[in-house]
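Encoded as structure tokens, here's the structure I'll be asking about.
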């Protein structure tokens, strides 16, 4: 297969020494195996996720994503924009939809961008990395690269919210998307069927501002993974990953549970299955070590 | 089928449900030549699968019995089953229609003695019971089937079962060499009465029809309630065959929802009120019904039926569109989650069984009509001069209850008669 | 700030729905709600809302301006989009909640101690400074946003997590000094400034 | 039929009949005992050859009475379908071998059963004559339409389009009815977003342009007599002139009256000029003539209007309407749009309890209303107060659970439709304290049709004054043949439905006229040519037939003898059952056709321990139920002899008495559900029969027989388990009571 190039929007959390830097590491290894070239959007900015709304009004927030699209149009005009972060993808895709749905908004946005010497058409496809994998490669192709099948590992596919709603991955349902399970299967591991917290919310950004409420949600997400017999959880979203992994101590303390459930990215699984070592797979980024993966990666 | 005679004064009725039957009979009883075609092996349509009608709680097949007698007695009316329209060309007063006839593998000799069914072993999902049970590969659609003739499922053709069936028939009624046939008719007017199909409940993802055994549709519930149905009239839930006594009815399952059907299907509220009656009929005070609704649409004089049910202490009305259904892993009880909007009360109610009052979707998809017609966004055929001599009857025209379907079908019969009378130059 | 509030009260007399329609992001959708309640039932933090979305919509129509804008309800939105996905009338409920929160914040009548409100503001300030979010600064300011004592307490309680993050190189002390930023900060800030102007100008038109 | 009677009996040996029964024995009985002239057996009677064999006897052997001894009369009816002959069916398959076990011990009783049925069939047909057109009809085809509103105009126009003459009689000075008082109507076409032109002017134009349509304005129908195909109506105009015209059928489109909102003082009607009903708003909208709508009290521009749904409707309160008028929600949305389309800043609030906007268009229109800024609030209104120029609506907000005082400068009450259904001829007379009967409450109401029928001047009401049909599958089956109602007089409805309804009614009217000419019965025995006749010399003028006929088909002539109006008759036979002196009969159904069957059952000697149970089963429901029981392989007593009857209402006591006298041990009567939700296709048949049977007790007493020997049941067509059970129950009861002493 020929090299595939995309205009890449990494997002703040994927930066060096940021909360999802390990995600970025594994994505890089995965792409390397699949011969994907990610061309970073020069000087991209934060999308304000879905929490910037208090300070930023509608237009300012749209302008943020519009700027990224404008920069992408300049740098990589004929490439699809690809994001690995759910929030980044959603914010950008939403902006695109809104701009095309409302000429006045498009006009105003460009007025604003002009101040920065930019102009946006917003015609590039805005896609999540998972879409690239499923649509541009397909499970069969992805399977062909597996050199170390993740045999015997039971994995709960936690899709979460923003990679799933309101857009979601084409052909998947909001309530029971199956793509993570299929990816898990493709990598030779065992998906947890009827994982009923699959698309439940982890509290998102409110994990910071409403920790107790959010941790109650996170608890259910982990519990139900254990109920399903999972060894670990896989997710496509940095916020989900951080929230579900990082607060397990607090939750254990509060609810005296004994959670110690690794939470990894699909790209981590794939890197390992593709024969990358622990570091390349970003396994060193696990607060809760994914031992089974390390073993395989160590082989 | 070469013996089918039709002229530009003939009226073709497409669809043998209550609307098609009515349109065909009313026209034929005015002395018009009518051909009624039905896709399935028997006419009767969806109403023949219902247990009772609202608001009288009388039995649909009672009316069908009368209609069948009218059909048998009427020489102007010809019924052709297993027939589908493939194309219509021409104009008002002169249409050429091509009809595809699927093989029944059983000819007019059949006496419905049932010997073939006895020897055939292969079983298939019984579509008449919405696949809640199995039927033989040689079968009579129902005791009310008309034509009262058996059918061989094409799935057994070429198998020993087929030969066994043929051997068992003393009347040379089984013809395994039957082929699909094509029939060309000239007709003056067409009444389109292909009716409706239940909206695919699996698409309403939050309700988990495809994930939870004890979430069923209102039409499946009709079969469960019916003594002739798969459970002999017992309200047994699919997961464990236990009697369901605490039953939830969810309105607007697919209706009034831009994610599914935009329109209100009209019949579902009354249907669920009727179902609450079934629950009382079966269990008395031991039964419990909960109706989750947005607006109860018991329109016009039948609102008294609604008010009667409201007085039943065992029936709870909750003004809420259920947000989601989960399943209790131990009991397999579906749990309805949502908010009662009258005063903001959250609920998570477990029930023995959840019945989705699924919406009404036109049977024929907007883009697959054999001739261009004026069809509204909802997929129903509008009454429009541009449709020429083609008239919708019943649920092809709108989401209608039986009573209104029959009125509408009767009206359509007159519209068709106007066309053929004009072509016959009979005015004045 | 609150004079803007009184200004708006004047402007829209007793028609709060019109005010929302004009000034709140996607506010024109509020009138389309048919009170089925599916949004309220779908919300992950539902139980913590004093008034769930469908009720807020009804309150807006009923002109309960103060109750709505001073409510903490819309600040409970986690942006999970469950309501949006299920709404039979296609209301962009998540955005309407964001819009209401933003509007209340601008009018200066949003609940003072509301944690999400503070965090959201911090986040915005943080990202607009450098163009990118600086997680450590955000985190630290987050701890201290309720005052020093509370901050220390919270910082300690979160220390475990913080350490975990640092050990795994997913949080770096170096961040506090400088850290990530875009090159064309000026350009970005100019863009945002202009965007805000346009928005306010539009508002005046109504 | 001039040529002499020749009976052919044909015994089928197919479907296992040949293996299970001794058919040659049956043939012998048909010939020797029942005196059939031609008797033939056939291996496969419904086959082409079998049918040809019979047809040949008819064509060449002069057979004109045919007894088919094979399967149920409900089966193979296409095969056994011969012209101009009398035919009976002996049900040996569903009625005998399918309900009896195939065992040696059962063989004898099964054979007896079959022999009896064969004998019965031959005797039955022996007493039948092939019916022919009575020739009563005058072949009138014109349609009389009472009422010139949307429904009436549509009915006339649609009938004319089909080539039939139509005459509209409208009591007011103009056509158009209520619709003509409206600015616009609810949309009837996609995209269902805006009110449409009422369409009244087009209809009026179409009527004026059509020479097939005659219109009488300021006119009423002062007398209607006759029957389908020969109605005669006196049409009197205000000027005093009266013309008499003949018609084939009648459509009653007498519409509705607005509910009197003065009965809603709590909602401020009558107290403030600014509280109006929906009709009132249409008036204001028309007056506004495109400009802004002004309120009645002071002509001030309306800035804030509140619509109160279900005003005096859907409630059991004294003076309120118990039903929903169906159109009001959509109408209020339409009327709110009158304001919003004119000026979006006008506040329009609809207070509802259930918003009812069904069907394809309804929801779109609701959405469009919201889009235009109409506010919908689920609330129950307790009071509308007026203070000076301000109105205040007090209501409970069901969603916010709040008691709210809402200001308004105009309040529109969505009050309901009151049918203009004429005199309620069945209104129960009320007794005053002296016990004298006062005439019914409704007598003050003007009659619509002034029928000179024995049973009263108008159509019977069904409920709440509506002339609706009770049937779901047969909405046009009024109880006066050839007279069809449509529009809001039969049930509350909007204009779209009224239009559909009127078109359907037009078809039924045309159909009634066409069939009357051919002497064919109307639904449900469509096509039946038989009609009742009576032996005048025997008649005692007791009037029971004229009183009991569910369809008011029988009048009384000058000498007070019953006068049968064939085309008004539905052929149920209730008159025949009612007649104490048994002088009424049909060519193909009479006291004898059934009596002979009862008589010709072989009655075993008391000591044979073979009781005989007579089952008279309604052919519409009970008989099919037994057939389907047989298809399901349900067994029942071999001692039962089932006779299908047209309606339990046709059951004459003589059948019961004769049966008891001739030694039957038990009698089971199976009719349809009676009462409010009756399922009897002849409306009153089963009910009347039930009253009649209450007198059987006396008969039983006089014969000193146990009352348990005669049982009457309501049986539904779905009772495939229960119906056989009822027969077996009787068999058991008989076993307990012992055999009847009346076997000779």
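Lettered A, B, C and D in written order, each chain numbered from 1.
One rule holds in what follows: a residue touches a chain if its C-beta (ideal position, glycine included) is under 8 Å from a C-beta of that chain, and two chains touch if they have at least 3 such contacts.
This structure is a prediction, so every number in the text was calculated from the model and none was measured.
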Shortest chain-hopping distance from chain A out to chain D: 2
Interface with more contacting C-beta pairs, comparing C-D to A-C: A-C
Centrality ranking, top chain (CA atoms only): B
Computed distance of Cα centres, chain D from chain C, in Å: 64
Geometric centre distance via CA averages, chain D-chain B, whole Å: 24
Mean-CA-position distance for chain C and chain B (Å): 50
Touching two or more other chains - residue numbers and ranges from chain B: 206, 256, 319, 324, 341, 344
Shared-contact residues (touching 2 or more other chains) in chain D: 355, 378, 399
Residues of chain C whose C-beta touches two or more other chains: 34-35, 54-55, 86, 89
Contact graph of the chains (line, ring, star, complete, other): other
Contact pairs between chains, per stated definition: A-B, A-C, B-C, B-D, C-D
Chain B residues within the chain A interface of the complex: 205-206, 208, 211, 324, 326-327
Contacting residues of chain C [partner chain B, same complex]: 34-42, 46-47, 51-52, 54-55, 86, 88-90
Residue numbers on chain B that touch chain D, as the complex places them: 18, 22, 25-26, 29-31, 51, 53, 56-67, 69-70, 72-74, 109, 111-114, 143-144, 148, 170-171, 226-228, 256, 262-266, 295-304, 307, 319, 341-344, 376-378, 380, 382-384, 398-400, 402-404, 406-411, 413-415, 417-418, 421-422, 426-428
List of chain D residues in touch with chain B within their complex: 14-16, 44, 46-47, 71, 74-78, 158, 161-163, 188-192, 212, 314, 316, 322-326, 354-364, 378, 398-399, 401, 463-464, 466, 468, 470-476, 491-493, 497, 500-501, 503-504, 506-508, 510-511, 514-515, 523-524, 526-527, 620-621, 624, 628, 631-632, 673, 677, 679, 681, 716-718, 720-721
Residues on chain A engaged by chain B in the complex (per definition of touch): 173-176, 194, 196
